[in-house]
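The structure follows.
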């Protein structure tokens, strides 16, 4: 109990209102230039892609008999693609698809990472040793070829892409969570809880994992960036999202064929991917600076 | 005296000029682009189009295409004759022909080749073309007799297509499906011989000095492997490729360069196959309605920028025996609706149904069909406009081709590179080996049999015209268009044949490339 | 240390085996099977005969046994599509990928470390900001798009560089090779370069704060020597980690780069093989690429041990 009186907010003559690490971090974040830029950019993209189609109500799959590869006009602000489909509509719809698939894959990846990492870190012993071997092992496999093989053998639906990407990219998260949980295990209040008779599961969830939160968040943003680039690469190669459903990646496949005739078609989707991934990467960097998970 | 001196000088000058200009024109490398790597083994041709183009340059058949038309002229066979009902053919082979390794070409090679093609354990690409061939015998070192179980009047035409002769003395010991030693160094009798290849990069041939056909103008014919269409266009513009097949949308990228873009007729057809032995397509009225419901001219404009002609059957205009005098199906949605009404389909809320079941159509296609997905979408919209519920089923291209024959797909948007004769028995006879429509018209089968027994060309043509008329009234599928082959040829190239590339490549020996 | 290596090797062999079995089984699930079956000219009977001839009608374990047996004899099978032995096909194209990857690696490490060091030295200056922006952009850009954009700029618009491909061996000269290599290697190495730059910079900043370096400075040794000799040596460890982790990625990334630039390496070969169900070729490439990755990882571990004897391997 005496520890409370030594808390800086009281000892230094403060009012005693505890400023949690979370609130401190939030303040720091709001002052972080790159971080704010990234957050605003990300929210802007999500907003445009999510709500845009309500205002811009054009069918992204409607083929136009006459108007292929048309330049920008009032009717088609960004022109039309090699099939006469409106580019802006496809960008919006493609963004939704790419974003949803990317975020879903990230969720799978993070969930698996937390699961395996926490298990390894908390239970230790042979469980830990086996999981480490598995993690190292999977990281040694040429993942891209595995994706290639999977997605050329089973039908590439959004679900299968989410699973394939998610189930093979959880390792970095697992490693990070594992080391955080290992550290957390040794903390005083955890030992205290244990001596008070709390069950292992309770300790794991209520005490150890929260320590890992900031690392998990940072990992999640990087996982999202990775997932989005991966989906677009797979779609570009033709083994991701299948046309006519647009995805920023598969819009580039068509654009590459007609690079000479309509170079602009290659610029829009790629630039969109760049912006989205950039925002996740910058966000992750900013969060890492602000949350300072490694102490 | 002075005059004769003048004349002599003049002649000498002329001779020099001819020799010198001849030398300047005799040099050159012709570079063509291919989408994939050829194997050089024509019997199996697992490389598809790439194989056809490449093997045409180094191998030859008994007959070959003329330079600019789809007629045939003698090649390895100098003459031929048939018996009265065209079921027994005797070929006289050319003397003095040597394989690229110096060995002499004989009748044994011909027999060996056709035995391979007929062998059921080998996936010979041309097997379907000669499936009524019962035996090939060597009568003398330069004569071969082919016996067919049914009359086959268009044999000489067929022999020019994908049936080059292969060397017995080399292929004898090798696995006929994958003769790896042969593939590493293919041997033929043609105007060019294989020089070297690098996987994924190029497949190069050089002049065959010993060719029976005389002088070959070019030094080399090189095939560059360009898996994506874009690179091919770039190579053309940069001048490192001379000939390439391109799509209509790429034409604008080649304007203003030293490149000639031309479109030629080719024996290919795009269509939608329908399963004829199940509802709703068992009813001929429904099939006719489908043909009226689709705006073929509009499709041609949209998908191939006008580089095609409306199709009215399975035989393309460039094929001998083609007739345009068949039932046409111009775009007429009202007529389509009327036909469907006659067939018992009633409309409610813009959707057609009969006996409580809606008229639903599943359009299957894959990215293996160039333009397939766009075609499917356009057709879906147009069928929807007359009340047909059309859905699109995109499959993997492998699934597509393997599923085509067993009726897995109710309809399929696809194309065919046609064989050069009007004898399409295989494709449309009841139980025919290439019948993708489950089409069966016993009367038609009889007409096919009759036609191939007629030896006299004009009478045979008339019979095929009747056949096409009959098919026209009872269409097995929705005919879309005959695509033109669009090729980009550098202006440096002189004398390139007018035929589509897969025929033209047999005739490259008198092409020249100006350096 | 020997014990560690042996254990790693054993682990690798098991991994190897799992990957091959997994690959073997999965590729046979592909609808329609190998593309050579999917030939509209073949009749039904021919397709069935072909399936038998290729041994695809036998039960899976028999097929796997056959493949494994062939492998032990050094026979990797014959490519369905190209009709030549898988081993010779891979042997022909592997050097091209190694060429591309090596150049990409050198560019990534040289540029990465160079920029990283300079950024550390000119900490928080405009240079630092610019370099780090370049870095994060490189991490965020999809490699295939970067390739397309560079092609658009340098090959289509400016016409300085070729659109892709590799020059024929008889046309080889330093200039020709350089012209064809520069764009693909920049694209393939971009991601790694960004990571190397980051880690070099942060490692150097960390280290330059450490006491003994301050002590060295106090002793009067020139600043540059201090930096390079002491700081760099200790910054190597995390950098090697990053390179080691990045090597498998480099090979994977090379596959997409090779496709965009039509570079005839095993990456583009693998992609074509996977899409057309060329089973023997897929198995061969999976094997070879796995081997390369395992060797690369072992090399990374070895360099750890050489650089820092303190590193323990538990």
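Letters are used for the chains, namely A, B and C, taken in the order the chains are written, and counting of residues starts over at 1 for each.
Keep this in mind: a residue touches a chain if its C-beta (ideal position, glycine included) is under 8 Å from a C-beta of that chain, and two chains touch if they have at least 3 such contacts.
Nothing here was measured: the structure is a model prediction, and the numbers come from that model.
Asker: Counting only C-alpha atoms to place each centre, which chain is farthest from subunit B?
Answerer: Farthest chain from subunit B, going by C-alpha centroids: A.
Asker: I want to compare two interfaces, A-B and A-C. Which one has more contacting C-beta pairs?
Answerer: Between A-B and A-C, the larger count of C-beta pairs in contact belongs to A-C.
Asker: Which chain's mean C-alpha position is nearest the mean C-alpha position of the whole protein set?
Answerer: Checking distances from each chain centre to the full centroid gives C.
Asker: When the centre of a chain is set as the mean of its C-alpha atoms, what distance in Å lies between subunit B and subunit C?
Answerer: Spacing between the chain centres: roughly 41 Å.
Asker: Centroid of subunit A to centroid of subunit B, CA atoms only: how many Å?
Answerer: Here the centre of subunit B sits 50 Å away from the centre of subunit A.
Asker: How many angstrom lie between the CA centroids of subunit A and subunit C, rounded to a whole number?
Answerer: Roughly 24 Å, centre to centre.
Asker: For subunit A, jot down the residues that touch at least 2 other chains.
Answerer: In subunit A, 155, 238, 256, 259-260 touch at least two other chains.
Asker: List, in ascending order, every residue of subunit B touching at least 2 other chains.
Answerer: 228, 230, 234, 396, in rising order.
Asker: Residues of subunit C that contact two or more other chains, please.
Answerer: In subunit C, residues 30-31, 156, 259, 277 touch at least two other chains, as defined above.
Asker: Quick one: which bits of subunit B touch subunit C in the complex? Just the residue numbers, please.
Answerer: 36-37, 39, 41, 44, 46-48, 120-125, 127-128, 177-180, 183-184, 198-202, 224-228, 230-231, 234-235, 238, 368, 395-406, 414, 416, 433-434
Asker: Which of the residues in subunit B come into contact with subunit A in the complex?
Answerer: Subunit B reaches subunit A through residues 228-230, 233-234, 237, 247, 249-250, 252-253, 298, 301-302, 367, 373-374, 377-378, 381, 392, 394, 396.
Asker: Inside the complex, what are the residues of subunit A that reach subunit B?
Answerer: 61, 63-66, 68-69, 82-84, 155, 238, 242-244, 256-261
Asker: Using the touch definition up top, name the residues of subunit C that touch subunit A in the complex.
Answerer: 11-12, 15, 19, 22-23, 26-31, 136-137, 139-146, 148-149, 151-152, 156, 245, 248, 251-253, 255-256, 259-260, 270-271, 274-275, 277, 282, 285-286, 289-290, 293-294, 297
Asker: Quick check: in the complex, which residue numbers of subunit A touch subunit C?
Answerer: Per the touch definition, subunit A meets subunit C at residues 133, 136-137, 139-146, 148-150, 152-155, 225, 229, 232-233, 236-239, 249, 252, 255-256, 259-260, 263, 266-267, 269-270, 273-274, 277-278, 280-282, 285.
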